[in-house]
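Here come two complexes built around chain A, the first alongside chain B, the second alongside chain C.
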Partner chain A sequence: MAARTLTRRASRPCSSAATHHVTTAVVVALGLALLVAGAIWDLGIGASGMSPGAVLHALAGPASSISHQIVWTIRVPRVLLAAIVGGTMAVAGVIMQGTAANPLAAPDIVGVSAGAALVGVAGTVIFAGLGGTALVLASIGGAAAAAFCVIGIAGAGQGRTGPARLALAGVTVTAMLLALTQALLLLHQTGTAGVFFWLVGGVNFASWQDIHTIAPWAAAGMAGAMLLARPLNILALGEDTARGLGLKVTRTRILGVLCTVCLAGSAVAVAGPVAFVGLIVPHIVRLLVGTNHLVLIPVSGLCGAALVTLADVACRYVQFPFETPTGVVTALLGTPFFIYLARSQARRTR
Partner chain B sequence: MAAATLTAARPRARARTSLPVLLAGLVAADLAISVVSLSVSGAHLPLWAAVQAAFGTHNAYSTVVTQSVLPRVLLCWLVGAALGVSGGVIQGVIRNPLASPDVIGISKGAAVGAALIILVFPAASANLIPAGAFAGGILAFFVLYFLAHKKGVTPVRLALTGVAVAAVGDALIRFLLIRWPANINQALVWMVGSLYGRGPSAVVGILPWVAVLLPAVLYFARRLDVLGLGDDLASGLGERVELTRFVTLLLAVVLASAAASVAGAITFVGLMAPHIARRLAGGKHLRYLPLAALIGATLMLVADTLGRGIDPPLDIPAGLITAFIGGPYFLYLLVKAVR
Partner chain C sequence: MLAAAAAAACLAVTACGTGSAGGAGGGSTAGSTAAAAAAASPASAASPASGIVTSDSAADANARANLAQCGLPARQITDASGAVVTVNGDPDRVVTVQPSFADEASLAGVPPVGIGDDNDPNLIIPQIKDRLKPYTSIGLRQSPNVAVIGQLHPDLIIADYVANVSILAQLRAIAPTIALLSDHTDYRQNLDSALNVGVALNKCTQMKAALAAHANVMAKIRAGLNSGDHRTFIFALSNKKNTSVFNYQQYATTVVSSLGLTAAARGGQFQAGDAKGTSMETLVTLNPDVVFYANENNAAASLLTSWEQSPVFQAMTAYKDHAVYHVDQRTWSLMRGVTASEVIAQQAVSLLGGK
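Presenting the complex of A and B:
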């Protein structure tokens, strides 16, 4: 009980409590609007273009019509996967940042994406035909190994990991994993371009099968994330205070990392490492709705879904009618933000 | 005065063997590997004949040895030394043993430059690839310095911004690879780092940089020790912190870019060599930087020789082997730190 009131007070400073409610409502409405608009727009793009009205008509229309077939078998899975991947990556970022108490912790920085990607390439190149749930499990394993490696290196011997240590350890482990990935690609030169497309990350060739593969993991990860919301709120008060309030800190941290790798690993297994969603979205959402994880997690999920859906719309205009991976767009969006973040972080740690 | 923080972080790392002995031992080891390396080629060459050919005796193997094998052995020395010293300086300036030219985006910048030439202008002369890589590395440094500059640069901001610059480079490379995929395999080999096909002209290309810049870095060694004490103390001791930091970083970056221009984006040599050197000789830059150069050369020699010898005629890129050595070494550091 004491813990609860304390968290509330800490996460919502009294003067801004009301404003946060209003902003949250606005952000949710805006996120939903963008998601729906992006989805309808995305559904209309393709070899046969459709206006928004035609899209809605095709969605609801008779199952025999050609536009109904196109939309339901090719385009709906793509949009759905974009939303799911965006949501899982964003929530993975929230949990990782809360767990590591480190604003730069994100699936891309901590090597989670690279670990899962290495396993994904191995699965495609060496064990051709490894797919579905087996690939997801393997990717989660790779993601977990990488994450524990980076957090271990960055935190070893020190009480708390500074952002610089975490970032450097993450980049080094990522470099190692990337080298191994490239080794695999060089030694098995068949289909390099296709694998490379996947390595950049994108939902361009999504099918219903992908949705079926990722859905249970995404659902489990999201449920786990919501269960971790309260413990993470308490952890945000500082390790000592959290321990004093009766929180099992180490257990919470391990569960947090597991939740992250479950979310990010399954997303990478299906769509490749779509870059920087897990870094950008939580930061922006936190600025808008505050630090209460009970609000932060669902709103980040929504905004992540909207972001990747819109990025998927944008990537189709890069070299239409050829496909550009969605990850290229998110990477180009994300890197300026990353630089800004690095600068402001360094100012704070100085 | 010159007890750098890097030593303070690891009090056990004391010099156990005297420096001349270490230097002589490493030179001897490098020479021995070089001799063995001379006889390893697509076809196995007799050791003695290969050595004779390398020293100018004309025999059946002269062409292969002087045009292909000997240049690669020399390049291993030069590239390894450049990367080792560059990594040592960057770790010293940023005061973080995890920093290296690959981590702060220099190698990525070089890779973008090379990938641009290889992928977008495939008809351009092959001589342009090293130039593109060199320019890319230097440009990445200036971007990094500009972005990290705000009333001077601090080590933490340099490190974080460097990571971000590396990420930008990564995004650009991905875009180039997807947009112009025709030469993707050549670009991939280059990005891993390999000495395959490098001849005498590559040696001539990198030799002046190493010959001029290594002594220059050693000239700054004492000032690097002072920088290691922290900005406040260093400026209290009369050091012009910002200027020294910029000049030494620039020297390190030019070395790394020169190495990348002939060998591609070799990873982990710039991270590992200074680490091992500090364990052997302690944290004073004047002591450990020469060792880092020799250890870098050792790593490159081992990697390139293995790459040629494991599965001929397949030439496994040296950068893959340094990553395979560097990964476990890094994990070993982790395990040791956890204990």
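Presenting the complex of A and C:
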């Protein structure tokens, strides 16, 4: 059923192929336009109140000017990190859904974000010296442990689990991880004032160091995702068919999970668990461009980047000039979307 | 899901600065919420920059009214929740949830038998600890262990109105419990709490003497600073993931303001109270003359520490004037109370230099 859901648009008649290509081109153009518009808008917001013209001037202006420093040191890395985190979380969602053949699979749902967040909190309140690559590696480890735990409980590794079963296992493991995270916060009350903020997820305090930290992992994850595109297309035909076509299903699934935790774990380590991007974006993009992962992955990455960039713009207006976590906006968008998705899946199952 | 829960917690943390009316307990407590709003709200104004706040200038109506109960064998104390709590005799088995209340009880000559110290005796600064007797930790300040408190057989519990509002009924089932102001309050409110502690312990004379001595100490500390020093300052708390600037109504800020300096974090959004997640750009735009900051857990590294390497941060007046000071988190953001205010003030004057 799940595989059918993910592949039903792949069987479109040849006569609609041209229309499909046009739709894809329009989606890419729209995604690019939203990303560029969001980036320009985001660059223009800040406590120092520079006009759009001043921002442009500062971008190209002398390096010694304070405006130049503010734009290049604070605003540019923030916009870049928003785009990278949005892109990686969206692609992580695509890979997870393809790997589990399950439309409800997403880093938030299968505990990947919660596992990485638990490690992130521990890295702040217990291992305060942990940072940079070490923290990313630890977060990826936490994400991987949570993901394999959920997959094991739900039996998704064998591709025989339904959406509800995976979501239930994910909710259970996420609840456990959330309880552990809260216990850590409760037991270390003297050092947790800012952690609540981070736990909502956001790029509010981005720096070039964050970009340097996440870039190799994001690049590796994206490359891995593209390499998995063809195997995931075959897997989407159903496990038996995939085996018949010579696909090493178990290896593909393991690589898919590793790719997901690499993308999502590194994003959470740097920006916190920005919610629901990995759920919302792949679904909307799949509806628009179909299920071919060679197209779905890059377009989802583009749209995820646009979504988080625009969410970061929106969160700036909540209590300007103070910071509101970007994840508040994505959570507000994602929660009703998840409910809609779960209800529509339930209707299909009936 | 994780983010949604965290978002709720984040908002709750922000909201708890304003508190909510506490429920009245049973036993020796009579319900009354008339004074709750006034008692729980942040100070209506910052401590005056021109002078030291003393018990004489205490603004809290409850504290003033409660002073009339001094010396009575059964004292009717209106606490911050608006509840009227009857405290009989001279309590000598006192449990305090906040170290600031332990400080004040020990100043009155009644060191507590149980204290909330987050299971870490090092939480309490040495200047307070030196006056305490061996005590039992009751665990976390936010959620103390009620069973441990019960086993101590206290005859008075001093709870934090903001942090412990949800467990007041449980505490009042154990012993008379007064909920006072410490967490998310200012210097003036802490002095008012000290007065209330004195009344509850039936040690009004000792507490008034302690507060008078405190006023003298603060005056001497203040005299160490140039009288014309009204530089703007902020106090910030930072960890690896966030930096919060405390506004002009927060405890450490009001203590430093009482020395004559001017809190920069006021007006606009800062007027709404409490610490705010603040970007480097907002901080630089605020451009205070002096920055005091603490790292959570007193860690060596934090977001703000990393900002110090940025040319944007280095364009700030405080940086250019070598007036960015790293201070101790326990003292500046966790302790509060009479002794902590003296330590904060002394450290501030030492760092700022003076006459």
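Of note:
Here is the rule we go by: the second predicted complex is superposed on the first by the 332 of 350 C-alpha atoms of A that agree within 3 Å, B and C clash if a C-alpha of one lies under 4 Å from a C-alpha of the other, contacts with A are read in each partner's own complex, and residues count from 1 in each chain.
Following the convention adopted for this analysis, a residue touches a chain if its C-beta (ideal position, glycine included) is under 8 Å from a C-beta of that chain, and two chains touch if they have at least 3 such contacts.
If you're wondering where the values come from, they're calculated on a predicted model, not measured in any experiment.
Of the two partner chains placed by superposition, A:241 touches none, neither chain B nor chain C. Contact with neither chain B nor chain C is seen for A:23 once the two complexes are overlaid on the shared chain. Look at A:69: by the touch rule set out above, it reaches chain C but stays clear of chain B. Of the two partner chains, neither chain B nor chain C is touched by A:133. When both complexes are overlaid on chain A, the residue A:153 reaches chain B alone and has no touch with chain C.
Overlap of the chain B and chain C interfaces on chain A comprises residues 108-109, 171, 175, 186, 189, 192-193, 196-197, 199-200, 275-276, 319, 324-325, 327-328, 331, 335. By the touch rule above, chain B contacts chain A in their complex via residues 96, 98-100, 102-103, 147-148, 150, 154, 156-157, 159-161, 163-168, 170-171, 174-175, 177-179, 181, 184-185, 188-189, 191-192, 267-268, 271, 317, 319-320, 323-324, 326-327, 330-331, 333-334, 337-338. Per the touch definition, chain C reaches chain A in the complex via residues 1-7, 9-10, 13, 118-120, 123, 140-143, 237-244, 268-269, 272, 275-282, 284-286, 296-297, 299-301, 303, 306, 310-312, 315, 329-330, 333-334. Across the interface of their complex, chain B is touched by residues 104, 108-109, 149, 152-153, 156-157, 162-165, 167-173, 175-176, 179-180, 182-183, 185-186, 189, 192-193, 196-197, 199-200, 275-276, 319, 324-325, 327-328, 331-332, 334-335, 338-339, 341-343, 345-347, 349-350 of chain A.
Chain contact summary for the complex, chain A toward chain C: residues 46-49, 66, 69-70, 73-75, 108-109, 113-114, 117, 120, 123-125, 128-129, 131, 171, 174-175, 177-178, 181, 186-201, 204-205, 207, 209, 272-276, 319-325, 327-328, 330-331, 335.
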